[in-house]
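Next come two complexes, and both contain chain A; in the first it sits with chain B, in the second with chain C.
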Partner chain A sequence: MMDRYSKLQMVGIYFAITIFLIFILLPFFEMFMASLRPLEHLFRSPYQFWSDDFSFQAYRDMWVTVPLLGRYILNSIFIAGVVTGLTMIFVVPAAYAYARLEFPFKNLTLGIFLGVNMFTGAVLLIPLYRVLRTMGLLNTYWSMIVPGVAFLIPTGIWLLRSYLEKIPRELEEAAFVDGASRMYTLRRVVLPLAVPGLIVVGVAVFIGAYAQQFLFAITFNQQRELQPLPAGLFEFIGYQDVTWNQMMAAALVGVLPVMIIFLFLQKYLVAGLTAGAVKE
Partner chain B sequence: MVDTAQTQLEAGQQQRARSLPESVFAWLLIGPAMLFIAVIVAWPLAETIRLSFMEADLGGEQYVGLANYADLMDSRKFHQTIVRTFYWMFLSVSLKLILGLIGATLLNAAVPGRALFRVLVMPPWIIPIAIGCIGWLWLYNGYFGVLSGTMMQLGITDGPFEFLAHKQSAFYSAVVTDVWVGTPMVTLFFLAAMQGVPRDLYEAAYVDGASRWYRFRRITIPQIMPVIVSMSLLSAIFTFNSFEIIWILTEGGPRSATTTLIVDTYKTAISNFKFGEGSARAVVIVILLGTFSLIYLFFLNKVNKHYGSGKK
Partner chain C sequence: MATLDLLSISKSFGAAKVLHDISLAINDKEFVVFVGPSGCGKSTLLRIIAGLEEATSGQIMIGGDDVSNAHPVDRGISMVFQSYALYPHLSVYENIAFPLRVQKLSQQDMDTRVQRAADILQLTDKLQLKPGQLSGGQRQRVAIGRSIVRNPKIFLFDEPLSNLDAALRGDMRVELSQLHRSLDATMVYVTHDQVEAMTMADRIVVLNGGRVEQFGTPMELYHHPKTKFVASFIGQPNMNLVPATVTGADAAGLVVELPGGCRMTLPVEASTVAVGDKVEVGMRPEHVHLGKAGLEIDVNVLERLGGVSITYGTAADGTRFCASLPGDARIDEGAPITLGAAPEDCHVFDKSGDVLRRRSAPALVA
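So, the complex of A and B:
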């Protein structure tokens, strides 16, 4: 009964949702329309919303204009994937320590981790460049992976810690009484129970890694074939002309794989956040 | 026989492993993450602080003491940049929080199709920021964009209107894009928090005849307050440091109208190779954000205590 809405309320809710979604989806719609528009249309006046010569030609031509496009799309996913894996390797033990154990400097070190959130790569770009050069990582995949991992560790710890705190302590204590070591308890008791939380944090880290590749890529990497999609897209801006329609088409096609993966995972994401991460 | 001995040996080993002091075990667990952060964040940070006392460029370094900071203190332009950055942050974060709250409430309403709506809200968060910005770049374009096109068709403007070419409109356009990028995450976290509110609270209020608006104000808002407060801090830090959006849309222009601290830092250090002056700006960012966060955390503690969930 409580959840019933009157007809008028329903109309109001759908109307508001529509407005909200128009704001969210307008740029995608615009990119799609632009991808259909032949280049010579761009300066046509008056402005035309639609004309008969719109076509999907750009979706074919883009692979020829930028031959490495497929590689860029895969690079993006590969870099984000490796960043996610490495980040989780660092995050899982640390988050467990903060969720369960008592140790000296616990709050101070947690504060330091969260403080890292205050920097973005852009603040530390110059010295970061030197550090990566010293390590010989410039112009490799690692130059984009290593900073990505560092800036995602704090968020990962923060999210996973609150999730782990929700797991009942009794199970660990039972394993302990049975003589299991701390490491064994972590590996065999806590981690299996934490799988939903690990998925949520993993997806969140992946999104972070996928969304923020641009800056590191244009600063630390000059190797064309290693570039991720956001950097590679700017190749459509050529010396003579900018093939805007192909750039838009490539952007839309390029994010499609991750969109599809996300479609399958989003249920867990919302449910997982509800179960653990934000409920204080 | 052998088996028993083996088991006993293992048990003994486990006993010893178990007696590993809690604090040592904890440090073993956080150690790798700490070390990684130390090398990739703390070392560069120390280097930034060192460079901020130098006159440094591609040619070399020379110690100049506090000269870089003194220059910033005297620079009217820099003062304006600081004010602009805080204005940018407050405006954008407020809009993200308000839209996030409205969006989460709508997506939380028990109407058919809400599963689909939840998916449709996410794309700006998932796709690379740079790609979303390309879409907005197009929208704001006077000749190609649908916004200017519509305005011309409706006769609001005579000719093409370039949103990013005028000081005022460029600033607010960048804010809109920043809000667009940040809103889905805020919405998602608020939605998750709303779903965590115990249903019996609403039912009790419903039985007592409380209106929907009253329930929203007196139950939903207080219950999700800790999440609102922690999200606003996180969002404030992201927004303060939001770089890619401004860089791709305007590169800080026209005539510095969209130059926030982070853009100014990047321009000085990376575009103009003034490493020392750029580093001083980076240090100012860290100090300002650090102070802001501490004040905020103090406030957060109070809120948590007030709403009775401050035990963590």
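So, the complex of A and C:
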């Protein structure tokens, strides 16, 4: 009976959802519309919503205007993928330790992790630049991967720790009584049960890595071939004009992989974020 | 199979002391039940025996060897948990085989052992299922299966039946008793349910507030409870405790006066009490009968179960009283009745809750 609403309430709910969705989706829609227009239409006054010469020409031309576009998209996915992989390697044991073991300064260090998250990468750009230069990592993939991993580990630990804490302790005690070591228990019992949680954290890290690479790319990397998509999009800004329609088309194509991943994994995301909230 | 000796085990969590100097000697092949109200430390004691908790002081000996610091596997114990603790992502076969996989047994040995456990527990046709597809009783059997494949010296059970419904619990009780007989193993079983304790145990440890109140056979506990706590904990419904005053002692025993002025001569050792002392007379509901002399009770509630009728009432001074009368007793709710008990069935407890030894108790069944 809790989910019974009157007609008026339903209208209100849908109204609110519509407003919200418009707010979120309008930029995407406008991007799409812009990508369909010939460039000169974009500057037409008065603004004309519909035009007769919509075409997908920009989606063909963009590969010519920016020949490395395909490479940029792959770079983006590659960097985000490596960042996700490395982050998970660090996050899984750390989150398990925070969920299960007792050690000095446990809560303090957790708090510090959260505190680090308060700083955006931008605040730390200059010290990071010096660190990366000293280590000779500037203008390599590592210059975008290492800071990415560093900034995503705290979030990953917090997310995964709370998931691991929900796995009943008795399962591990049973394994312990049967002679299993911590690592064996982690591998055979804890991680298989944490798969939904791992997917949630993995997706969250991947999205985070995808979003944050722009800043690291434009500051730490001058090599064109290594640039990820957000930095590569700058090449649509020419000396004479900005090919907005192609830039929008490229941006849409670039975020497509992430959107597809999201669509496939969203049922895990929803299940993972609410797991253990109620008795099943 | 082995003996289990606990030598003055104590356990504190921070400032809170939960176990006080517990010493027990459990025989080979014995089925011992730890029973007590929640928070009495029974589960903690079991976890210390298992090696999941460390005792603050004291020693644990299994088969004569000191295992106080040994790993659970080296102690030769296996444990069945209250929540079964089955691995939901593994099949029944893999769940039972888990301890053997840890030992890195050959596939052939593993098959034989798992098959044997499955035969004993009637799980043969369930081996490929996941725990989620099983009923509560079957899950419980899988948990037991996992504990028997390793052939441990001592089995530990932590309230294994408390998640089952009443009917299933009765069945599993019988199965566990049979399992004990067929495995011929030493078993330690923790429960808060005195019926489980009475029906399955060779001997029962009654724990209260982290101390052993009494350690004895079920019938010893029933007929010769050492303390008021044991007396009221064992037996269903609980023993009635009627306040009384000592008015004298003679060769026949202790003379007490019950509320309402009725006097009884009870055959107990009276050397530790004096005339005028307040004592409590314990009468088990099943020993109480309708009589002419005794306690005047106003009947509040009458539960007719067919075989017996359980009567709950209060005496004039407010003492609650319960009687289990044979058949569908012909009494009315709200009407006063007089209840009495044979003097030789009564227990007497002094002010500190210790029993006065009964002279004529039923001979104990060995």
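Basically, the second predicted complex is superposed on the first by the 274 of 280 C-alpha atoms of A that agree within 3 Å, B and C clash if a C-alpha of one lies under 4 Å from a C-alpha of the other, contacts with A are read in each partner's own complex, and residues count from 1 in each chain.
Heads up, the rule we're going with is that a contact is a pair of C-beta atoms (placed from the backbone, for glycine too) under 8 Å apart; a residue touches a chain by one contact, two chains touch by 3 or more.
In this text, all values refer to a predicted model and were calculated from it rather than measured experimentally.
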Chain B versus chain C on the shared chain A, clash or fit? fit
Residues of chain A touched, compared between chain B and chain C (which is higher): B
Based on the superposed arrangement, let me know which partner A:Tyr184 touches: chain B (first), chain C (second), both, or neither? both
Partner chain(s) touched by A:Asp53 [first = chain B, second = chain C, both, neither]: neither
With both complexes overlaid on chain A, does A:Phe262 touch chain B (first), chain C (second), both or neither? first
Of the partners chain B and chain C, which touch A:Phe176 in the superposed model: first, second, both, neither? both
Using the superposition on chain A described above, determine whether A:Pro192 touches chain B (first), chain C (second), both, or neither. second
Vertex chain A; arms to chain B and chain C (CA centroids, nearest 10 degrees): 80
Check the superposed model and tell me the shortest C-alpha distance between chain B and chain C, rounded to whole Å. 6
Once the complexes are superposed, what residues of chain A are shared between the chain B interface and the chain C interface? 176, 179-180, 184
Of all residues in chain B, those that touch chain A in their complex: 11, 13-15, 17-18, 20, 22-23, 25-30, 32-34, 36-37, 39-41, 43-45, 47-48, 51, 99, 102-103, 106-107, 109-111, 117-132, 134-136, 138-139, 143-146, 148-149, 152-153, 180, 183-184, 188-189, 191-193, 195-196, 202-203, 206, 226-227, 234, 237, 241, 243-244, 262, 265-266, 269-270, 275, 278-279, 282, 285-286, 289-290, 293, 304, 309, 312
Write out the stretch or stretches of chain C touching chain A in their complex. 50-52, 71-73, 77-79, 81-83, 85, 87-89, 98-99, 101-103, 146, 150
Give the list of chain A residues in touch with chain B in this complex. 1-3, 5, 10, 13-14, 16-17, 20-21, 23-28, 30-31, 33-34, 42-43, 46-49, 76, 89-91, 93-94, 96-98, 101-104, 106, 109, 112-113, 115-120, 122-128, 130-131, 146-147, 149-151, 153-154, 157, 162, 165, 176, 179-184, 207, 210-215, 219, 228-231, 233, 244, 247-248, 251, 254-255, 258-259, 262-263, 266, 269-270, 273-274, 277-280
Residues on chain A engaged by chain C in the complex (per definition of touch): 168, 170-171, 173-180, 184, 188-189, 192-193
